[in-house]
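I have placed the structure first, in the form of structure tokens, so that the comments after it can refer back to it.
For clarity, chains are labelled A, B, C and D in written order, and residue numbers in each chain start from 1.
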Amino acid sequence: MEEPRIGVYVCWCGTNIEKVVDVAEVAKAMEKLPNVVLSKNYKYMCSDPGQDLIIKDIKENNLNRIVVSACSPRIHELTFRKTLEKAGLNPYLLQMANIREHVSWVHDDKKAATDKAKSLVAAAVTRVNHHEELQKRTVDINPATLIIGGGIAGLTAALEIADAGKKVFLLEKTNHLGGVVAGIDQSFPYFDSAQQIIQQFIKRIKQHENVEVLLNTKAENITGYVGNFKMPLPMLGIDAELEFGNIIVATGLKPYDPSAIREYGYGYLPNVITSLEFEKMLMSGKIETKDGKTPEDILIIHCVGSRNKNCHEYCSRTCCMTALKFATQLRSALPKANIYQAYADMRSFGKDCEELYLKASQKDIMFLMYDQQKYLPEIRRAPNREKCEMLVEIEEILSGDMVEVPADLVILMTAMEAHEDVKDVARTVGVSLCGNDFFIERHPKLDPVATTTDGVFIAGTCQAPKDIPDSVAQAKAAAARVLSSIDVGQVEIEVTTAFTNEDLCCGCQTCISVCPYKAIGFNEENRVSVVNEILCKGCGTCSSACPTGAIRTRHFTDKQIMSQIEGMLSMTKRKSKKTELEV
Amino acid sequence: MEFQPTIISFLCNWCSYTGADLAGTSRMKYAPNIRIIRIMCSGRVDPTFVLKSFREGADGVLICGCHPGDCHYHEGNYKCLRRFKLLHKYIQQMGIHKDRLRLEWISASEGRQFADLVDNMTERLMELGPSPIKEIMEIA
Amino acid sequence: MNKIPSVGIYFHYENNGYSNGLNKQKIEKYSDQIPGVRYIGNSHDLPPIDKNIFIEKLKGSRVSKLLIAGYDPGMVKPFFTRIMSESGLDPTNITLCNFRDYGIMGRADEQMAESLIYCAVMTVNPDEIINKVVKQKNQDTLVIGGGIAGIQASLEIANSNHKVSLLERTGTIGGHMAMFDKTFPTLDCAACILTPKMVDVGLHPNIDLMTYSEVKEVTGGPGNYKVKILKKARRVDLKTCIGCGICSEKCPAKASSEFDAGTTLRKAIYIPFPQAVPNKYLIDEKSCIYVTKGKCGVCAKVCPANAVRLDEQDQEIEITVGNIVVATGFKTFDAGKVANFGYGTFPNVLTSLELERLVNAAGPTGGNITQRTKDKKGNWIFTEEGAEPESVAIIHCVGSRDVNNHQYCSRVCCMYSLKLAHLVSEKLPDARITEYYIDIRAFGKGYEEFYERIKQEGIEMIRGRTAKIEERNGKLHLRSEDIINNKLIESEVDMVILAVGLEPREDAQSLAKMLGIDTNKDGWFEEANYLTDPTSTHSGGITIAGVCQGPKDIPDTVAQASAAACSVIQNLITKKNKTLDKTVLISLVEEYVNKLSEITEDQI
Amino acid sequence: MNNRVNPGFKKELQKFGMSEQWNECFHCGNCTAICPLSENEVLFPRKGIRVIQMGLKDKLASYVEPWMCYYCGECSETCPRDANPGELMMTLRRYLTSVYDWTGMSRKFYTSKWWELSYILFFALLVIVLFLIYLPLRPDAYLMVNESGGVMLNHLVAGISGDQFIRIIEFGDWAMAIIVAFILVSNILNMFYKIILSNKSFKVPFYAYFTEFWRLIYNFVTQSKFSKCDDKNYWVGHMLLMTGYTTMFILVVVALPAFQTEKVVDWYNWQRLLGYYATFGILFFLTVVTIGRIRKKDIKLQYSHSTDWLFIIMLGLTTITGIVLHIFRLAGLPAATYYMYILHLAILVPMIMVEVPFSKWSHLAYRPFAIYFSRLKQVALSKQYSTGLAPAI
């Protein structure tokens, strides 16, 4: 590599730095450091004339390393990198020293501040000596997309992408599309026909020229990385293979099996049914007990399998509103029936859903509150002298009484849970699952559709329980990401990634165990670790864990940081003992 | 003149460095003894960085990362914590006082906490006096 | 040939808070004269109670299918499903035609209602007929609102290599989220996760950031909107200002800080908060002495960069865009409206937003939770030296779930109250913290677990709405019923936090009118379809994102913002723009539908 | 277990008052918290709503709390769901009145307007007929004017002396009072049984009946609980009505000979002053309430049960006929005075017979007793609590 020729620029930032730090002295001190060709100070480095100064100097003095000591690199590192690019220099040959936020704004003592500034700039100078040219890298994106799951989320995402004219492979493990929504009669809070909606979706999907539906197909053996995934289709022939650039996982939910809850007697009490079974009754118009009797007393129990340590600790988000929907539907179908709801907290939070709660309570429905953690309602068969089928004992909280509720039909609002095979999907697409077997998003707040694996997105209830509009919104959000990456055609990948020096690697695989992105693989043949730089995010944890120093993180190499430490402490050292810097 | 310690500190880019920036933008004053090195994640802190700092004449070393659970890279700060625990024992065996090496969590909004931390550590190091390593290494 | 359907039609008008002038008789009459359609009745004259009447009617009119139309007709569908089943008809042969769809609810559009009914009778998807596709003439996008929704939508679109203009009415982007200390349930700090996105927006080559600007007028149509924008005079030149803050230091005028929710003062020339984007100062006309009285101008004199333009005037510019994303967000409920809580009278009754600033390390007290104290001038202010409260009460549902204020649930208050309780207990471990709630709505991912954790931390949860706050000897006196433990609680606390709900911004209505989109009865923007299209509107190319559509938390807002961007990106890729034909003519629809069903007939 | 929920029970209650608004209650506890009269041992109105929503009829019969409510209306005003708990308490008082009344008349009156009207008509006719037959106007009635020009009221009837007339009327008064008192006392005993005796979960210590007795008297006289409500004007108005009515009652029943004197005494005489005070007190509050019920602005007067109107009309007519009677008497119109006297009684008697034992007026007795009983219950429970027998709430 050519000899470093460093230019140092100390910014005044008006009076912001200049008032506390003697910028001229700092600049002067830097001149003495090895490889420093010139050292200047200027009022506003970030201004256009300031940047022009750098460009001019680079061209005139043949500089190949630049140190700018000014404000925080979080503010202007990108600005100056662009300046270097303009001057024809690799942008990573820049180092900034933060002498505003970390010096002039936090210290009053001019002398101490100037000393500190000197040591920070010196550190930047010693560090920049070891900077390397780094190239931006991109990969091409295959415009096709794989969507796993044919429920409402998968269908929405597929339609959004296909409507934009891009190819979609829609995978569904069962023999029909529609998912859970296909088993629902009406939606809350406006009581639209879910059937009408889902059938329209399915019709459009089937007619769409850009969508290829693969029923009875599971997602297996997916290989590749963002932009270039592959999946074999053995049933279509040995070489049949799908190629796609992005994956949307929309595997949806499975209703909880309530037979595990002893109190409810699901399975042996014939008239205890789950919410999805009740939807079927609603669709057929035959709301009746197993004996064909029209029920007079109907109890809806909330939080079955949710919010309880013995089942699932999480809230399934939709059951309260579904229960209110059921109550309203029941009131319409059976105007004279007695309808009861046993709830824990009424979570009717959606748009117009509190209104639904009010509407339901105006329809003569009895709401009973129970403790979903300690005292579950207990259902037992009614003795023969009773008119009703069952008697339910509830420890009612709002009144503090133990009450008995007669019931001919009990509807259990079962929780949403992850499919059993979700682990296989997670493994094949390289996304981790949380403790409840839902997919983990990249960021719980600001990135709910992306995952830590680039090119793999999640949508709908496989991420967490949610209702139809939220699933649809998330599916569209995932589609937005996919479309945007297809539209750009390329994806830029992290430059400051880790890489291994295979000669030094001893094959201990420590790095593999610490990598949070599963970006490091093991080459069995050579017994060395190999970094997949497309997956690496450059956190550097592997570098510090590596016992031999074989794995290095670009732009944050040991050498760079060590020299920074040296540079930082060189200014104090120099005063007494003129040791040469070991650069 | 009173002894002025030098502290080398490693701040993660996402939380702690931003927190230190916030201390600056809020003009909070703190002791000028600290020298900040930016790293992407506290998990990048190699024990050799710390040893190197002491060797080069630092009187104290401060490592700051995101609060547990907040790590930009999921769990880098936990890894850092694990290494720190070992290293902490190790440096004491080398004759370096345990208070010379600290690991603290600073979030991006904790400018005040950062400033207080620097002041607090500087004060402690002033009590402790110069690092014994400096004498061995014949540094000022 | 035309197949003659035999369809019974019933009209149900659910009382759902809308009472527009839709001529119901005209629609009913129209539907009755469609060939093969039999009018069964409507909910006013013939409410669905006695099933035998309807069974008779169905048998008498010999229909095999049923169409229920009106406002939320699904409310009575189960009744008719049962009747169909009992009279031996196929219960799945019921079609719903909701006047909520296609914006009829907001516009009193009989032609549209009739068109929908005709389509439903002929089993044709109305989307294909009532929607028209226009060419996308302009490939730029305008995003209105620079909160997290606007930021997310802008980045999403800009990252797909399309130009975005991001409009923000205040001096900085960031919106409400920037004011928060931590976010639930992960408790990561809001600034840490938001500011990188804000910086991204500021530096993005595809984003033209227009802060301190408002929409004045919107003309044109889908794919080609002309938007007049008022650029308010910032009086500081964005290009030259270096954000050093000397001007602010010297400025003699003070005003209440919007960013700190009024808990502290800022100068007349100010930067909204340290991480603002753009990180440049601006002058508040209302408090600036130069603007109001014509003298002063200290800031201009001290500015080292000569960036102050004291005499700058408002500007109006016009831009042309193809799509618009509306992400105008919300304002918090004015707690003063609940007279019994004494907000504004008692100094230590705070809103949640104020507490949010108070616990923030960059807030008015440097993150110390203190009570307001009286300063020399007799004003109640927060200082770092103020006494720490020994007891804090948090009251849920202030302004929400209350017919006297807002009927709707604001969706975020429960969770942020739990979060605030945690933050307070973290800073004041000895303080007694009590939450008064009605129902805890911890519904999101990890929320219920968070709730359990908060309970473990020793925060007292009381199911009971506090009715009244009184001040006695400097202490705040609360009275509420502890429903679960069956007793009345009278407690004295030092500080009360009101978990205020969210409400639409004052100018939401006028903006909706400008853009030609509907609002619901609460004033939130109405989506094209609640279930299948929660981010689009009936005006082509205009999408809505975030809380302006209805209260939601950050992850839902972000997901929705990306979803809104999805429609935009789709339009940009296909260069087409789908819009509702609001001037639909029933005669043309009939003609079209008949032709369409002939084709399908032929195919069969 | 008799704690079986009964959703049909609400329909029964609807006859006693407002529609099903209370179904909308989602149990936030606002009403209990805002009520200045609600205390730790007597929590209302929310718990009452709960009992009704669940239809626990037995529990409701022993429910004493509605009598603690004086209906200031604040709970209904601030109710976040417009469930109108205040009106519910009112309805419950009507219902409980019918529960305590063992004769079943009260229930009939509340649930059927016609029953009540015909009952009133019966007594009115009875009074008129009895008077016309047995106490006819004397032919020379026009002479019965004394020296000051006032009508000699007691001498208008043919064939009997003034003293006799007074005695007859007095007898009638006492007879009526005894009947009414008998029904009322037996109803109160029934109430005592329902609230105290039938409840096996506690036993009232004997001494408490005496130590707590003062509350009964104190609350009857002062209505001190009512004064705790925020709306003080309403309490003053109610106080005027109550004292006015009581005064009149005492004057007419106990002190009739002293009240209905032959001579028209001077206006500053205690007899006339008390009479005026009573008339004013009744008329003033009655006017306020009537205007309120018509305008329906005040939440507590928005809903009016048919018995409310009947009560206002009856009391109003009684007062007005009384005033007119007084004027006729002062003006020296004997015949007019006589017929007005009959009319006055023909309204007064049925009013007393309906309202005092069976309807609205009975709360005058039930309220202080309810406070007394609830105190007894509290004493019993706290004693059990201190002796280790936890109350079964």
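Throughout what follows, contacts are C-beta pairs under 8 Å (C-beta built on N, C-alpha and C of every residue); 3 or more make two chains touch, one makes a residue touch a chain.
Values in this document were obtained by computation on a predicted structure and should not be read as measured data.
Distance between Cα centroids is largest for the pairing of subunit A with D. Note on chain placement: the centre of subunit A and the centre of subunit B lie 31 Å apart, centres being C-alpha means. For this pair, subunit A with subunit C, the centres built from the Cα atoms lie 23 Å apart. Averaged C-alpha coordinates give centres for subunit A and subunit D that are 69 Å from one another. Averaging Cα coordinates per chain places subunit C and subunit D 53 Å apart. Along subunit A, residues 74, 346, 358, 398, 400 each make contact with two or more other chains.
Counting only residues that touch two or more partner chains, subunit D has 26-27, 81, 393. Multi-chain contact residues of subunit C, defined as those touching 2 or more other chains: 186, 188, 401, 439, 483, 486. If you check each pair of chains against the touch rule, the ones that pass are A-B, A-C, A-D, B-C, C-D.
Those residues of subunit C that touch subunit B in the shared complex are 181, 186-192, 195-196, 274-275, 360-362, 366-367. Taken together, the subunit A residues at the contact with subunit D in this complex read 338, 340, 346, 357-358, 361-362, 364-369, 396, 398-406. Here subunit C touches subunit A in the complex through residues 16-17, 48-49, 72-79, 81-86, 91-92, 94-96, 98, 100, 125, 148, 152, 156-157, 159-161, 183, 185-186, 188, 193-194, 197, 199, 203, 240, 242, 244-246, 279, 304-305, 401, 407-409, 411, 439-449, 452, 483-484, 486, 520, 524, 530-535, 549-551, 554-556, 558-563, 565-567, 569-570, 572-574, going by the rule given at the top. Across the complex, subunit B is touched by residues 72-74, 98, 100-103, 105-109, 112-113, 115-116, 119-120, 123, 452, 496, 514, 516, 537-541, 543-545, 553, 556, 558, 561-562, 564-566, 568-569, 572-573, 575-577 of subunit A. On the side of subunit D, the complex with subunit C involves touching residues 26-34, 38-40, 43, 46, 78-82, 393.
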